[in-house]
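Same chain, two partners: chain A is paired with chain B first, then with chain C.
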Partner chain A sequence: MAITSIKNLKEFSTTNDRFEGAHTLCPGCAHSMIVRELMNCTDDNLVIATNTGCLEVSTAVYPFTSWDTSWIHIGFENAATAAAGAEAMFKARKKKGTLKDNNASTKFVAFGGDGSTYDIGFQWLSGAIERGHDFTYICLDNENYANTGGQRSSATPIGATTSTAQAGSHSYGKKEKKKDLVAIMAAHGAPYVAQLAPNKWKIMAKGFQKALETEGPCFINTVSPCCTEWKFDPKDTIGLADLATDSLMFPVYEIIDGHELNILYRPKNIITVEEYMAAQGRYKHLFKPEYRHIIDEVQKQVNKNWEMLQRREEARI
Partner chain B sequence: MAEKFDLQEREVWDGNYAASQALRQAQVDVVAAYPITPSTPIVENYGSYVANGYIDGEFVMVESEHAAMSGCVGASAAGGRVATATSSQGFALMTEVLYQASGMRLPIVLTVVNRALASPLNVRGDHSDMYLGRDSGWIQLDAFNAQEAYDMTLCAFKIGENHSVRLPVMVHQDGFITSHTAQNVYPLPDEVAYNFVGDFQPLDDMLDFSRPVTYGAQTEEDWHFEHKARQHKAIIDSRAVIEEVFAEFEKLSGRKYKRVESYMMEDAEVAIVALGTTVETAIVAARELREEGIKAGIVAPRCFRPFPYDAIREALENTKSVAVLDRSSPGGAMGALFNEVSAALYTTANRPLVTNFIYGLGGRDFSVAEAKRILKEQKAHAEAGHITTDIQQFSGLRGPKLGFFQTKRG
Partner chain C sequence: MQDLRLLAQAKRGQRGLENKSGLVGWDEVTQGTVLPSFEGDATNIANLKSEERAYSNFNSYTATVASWRVKKPVFNRDICIDCQNCWVWCPDSSILSRDKQMLGIDYDHCKGCEVCVEVCPTNPKSLLMFGEYTELEEALAQWPEKKKKEK
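== the complex of A and B ==
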């Protein structure tokens, strides 16, 4: 059952605490905020699967665990399938009546970083969504392989420098566009797909609740600013998320049944991508004269994407 | 409640069908699977049992074997009975998750229809996939025919799910020769089979929310070693449970199984050690040679893992010369079974001579005549008191003979 009173952040952030504060994520990491929001927005039983990555290595270091609910990690790529397998067993046991509590409402959630979601776990995610398991997959998108020291993933945007797509005298960093995974997941026909952000916590909590309440496979991409690899002060995480949503680098929207698009947050004052980039060390080189055109290029792409999202929303198809 | 399935006292089943009937009788809750020749019919049959109401379970047809085993891990941690099937490349793709399944101590049953590994691509039976799993922390039982594929699959659930074991179990059968050859099989009645396996008893159940569990934690140099040591001890100690389960199964079926099967070994001077369908071929050869006055016998590990170091030694310590047959390309080493049998025999008083044959790769036929030739060669070694050929030879290979290494004992 959903917790309905999402009014007071202080109250909400401490309700129903099934994710312990004791973990080893970097100070300023947005992952724990997003995970806590998910776990605090429902009273239902939760089975959580997690891909290998920052979240996993920081929350289940034997003999400790931060998870006060059922939790499983298998490998880098297969949290979606772990959740799917558990969900299949739930159905089988419910039919046979072998569950400890046959009437309890139970939800299945998988977490992965962008490396494990956009790249190595893409096939497992696609398969689990296509098969229609009743679960929600949440990608903690920090646009790089942060756990292994900041390598490029297919979620890394153009122009960011990473340890495997380096900026230098002959390179402006990553050359390729970010993969549009939200569109790909919507194209699977999943009943609920969204892109959400922790700074818009009420919208995010409602989106999570909607996903958990929706029968069938749901996918949510969340922006998770990474102070370590994006290179900003850990105290500025939510500020960075504000810049991400307000520059429309990360528009906040949902797609229902693969076609009905709703924009969930419209910034009153849209800021430039330049302002967003200037707040992070990973884009520092773009402010050199020879690479400034990349900032303009990204701004054009962002404008085009925002126009596309608005038109799709207006079209109501 | 599952529909009743009509069974005769004697059925004509191939190995795949036999294995799938065992899955039906055990009322497996979840099968997550991906098709691959020659094991495909096992999961197809499970799917058809679900579709026709003979099983109250979930059949999850996933997008790869890696996902198949991943789904099995998630399902098993959720506290029910889980099985799947695979072969060859599918087995190779699953390998990462095989280690994770055993590390999490999940009693999944995997029926492996043995097939060669590419390249070159080959769909026929050899033991490359079986050998690939030998360090994965799974119990590995070997069936030599369709009846045994059925029997071992039932036993596998009971062994793996025993709370003092808590390990996944593979049941191996040879691709095509067993999996696709119809033979007489005597199944147990449904009720007898189910009662033998018993209701699944969950342990550390992810769906018991009164006691949350964390599966697949991180450990580094501080704890990883202790976990792996406990796991190793569990698989070595499973020997007692395996023997108990075999004894209980004998009472119900009249069919007696041991961790190491011995045929005509009471007075044997020469022996073949082999796995799979080759065992039956070798038994015919040994019988014929006995008529010629050669005291030949056959030894076959029923249990490939835990490796029956103790029982192998017992079976072979009074022989003079032993040929160990490996149906897997050793890739620059002696065959794995040869190495393990030799290591066991090294600590016996008489230390029989041991030679190694690589044979039957990619389904190359292994004949009674070749088995006889190999046993006769052992006889020659025994008479000479040392190995008179190369220690490792290829059997049944086209072209010039291929062999490596000579003895220093002669």
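== the complex of A and C ==
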């Protein structure tokens, strides 16, 4: 396994990009930061499958491709299945010895947005993880269907306004809580499940390497601040990710073999959820007096969740 | 589609898509078509730097998104400490870094999102945004002085 050594950022910067520029993602999009980092943290051959979504439509604008590796796109829902199928074929051919290079180390990766992971591709993902294929699924979680104009998905947090759950005089935006997909994937018994953030580049790169190294199905949820739909200035992408991890809206942690939970990043100064929400246009309406109770409710949920994670880490079960 | 062709033609190396025989419209592509990212053998790509690779006309590296930009980041070598923060967080792979040194910005792929300026830790920043048509000398002459810490 040829893994790029990443003691520090200077060393990491000597790796070569395999995700090319001139894709058509929005300026300041965190998707490409995450994808670049995954492809730079290993020297192995990569076979990548991508669900329909922002990443797929912007990196494969005919006649161009931004991928320097094998890349496949089939439908909205089945990147997990495509990666699993390719992996099964690879294994079979390796056994028969019909590969071009039988010793080459090849890793299988699937990318999906939160719409195609939490909602549409959930059954396919669940199936592929259950069957135990040796691949890594990475969800780029920007909490809405950003490609089609910001509709609500089951990853959208409570109180956020989206084009299909709009805030107004009778509504405070989405009324339901965000689905805890990381816990669901851990419950599948996947050997490595994690939630990572691009602002913590080292933790993220190490998590990716661990997932690629681990044999079996791995799931990683990454927070990908979306400047278009979260409504903030493109230059603040990393700042927003900082706010997300420091306010514990997106705690950074991993779960090994479905039970061993490790918190990977503990913020020195935990900030309030209010501060995180104030930085984004999609929560603007919550600062009106009639909807302020939603912020308190979210803060309570976040505190409870953090307490739960800490207790689980201590209990080691 | 037409625009992309024109952009690709204006790209480095003048690899015009027109010269590519057999290129059909996106609606005429048959199932199972493969767009190769490289000319010839593509093994060991992970160990080649971008200037050593044989990109094909289909690789978006040969295209440009420079027209998206209103402002461009300008790099000041004198202040840079080569921390590589801009390299790791650039969403468009536009920071040219070789041998742990920051060399400059790839203006063909930069979209002017300003993330690199925001994450730059030096004082004053070694990357700043200027108007698209500002000359380098002009920009460097306008560079702000070091800010003193507020007490």
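We adopt the following convention: the second predicted complex is superposed on the first by the 305 of 317 C-alpha atoms of A that agree within 3 Å, B and C clash if a C-alpha of one lies under 4 Å from a C-alpha of the other, contacts with A are read in each partner's own complex, and residues count from 1 in each chain.
Following the convention adopted for this analysis, a contact is a pair of C-beta atoms (placed from the backbone, for glycine too) under 8 Å apart; a residue touches a chain by one contact, two chains touch by 3 or more.
Only a predicted model underlies this, so the values are computations on that prediction, with no experimental measurement involved.
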Joint occupancy of chain A by chain B and chain C, clash or fit: clash
First, second, both or neither for A:271, with chain B first and chain C second: neither
First (chain B), second (chain C), both or neither touched by A:256: neither
Partner chain(s) touched by A:29 [first = chain B, second = chain C, both, neither]: second
Which superposed partner A:184 touches (first chain B, second chain C, both, neither): neither
Partner chain(s) touched by A:73 [first = chain B, second = chain C, both, neither]: first
Partner chain in contact with A:63 - chain B first, chain C second, else both or neither: both
Chain B versus chain C as contact partner of A:106, first or second or both or neither: first
Clash with chain C, by chain B stretch, listed 3-11, 183-191 or 219-227: 219-227
On chain A, positions contacted by chain B and by chain C: 45, 61-63, 65, 67-69, 101, 104
Sites on chain A touched by chain B in the complex: 45, 47, 49, 56-57, 60-63, 65, 67-75, 77-78, 81-93, 95-96, 98-101, 104, 106, 123-124, 126-127, 130-131
List of chain B residues in touch with chain A within their complex: 29-30, 32, 56-58, 60-64, 66-67, 70-80, 82, 96-97, 100, 199-200, 205-210, 212-219, 223, 227
Contacting residues of chain A [partner chain C, same complex]: 9-14, 16-25, 27-33, 36-37, 42-45, 59, 61-69, 101, 104, 198, 201, 233-239
Residue ranges of chain C touching chain A (in the complex, touch as defined): 1, 4, 8, 17, 23, 26, 29, 35, 37-38, 42-43, 45-50, 53, 57-65, 68, 82-85, 87-94, 97-100, 106, 108-115, 117-119
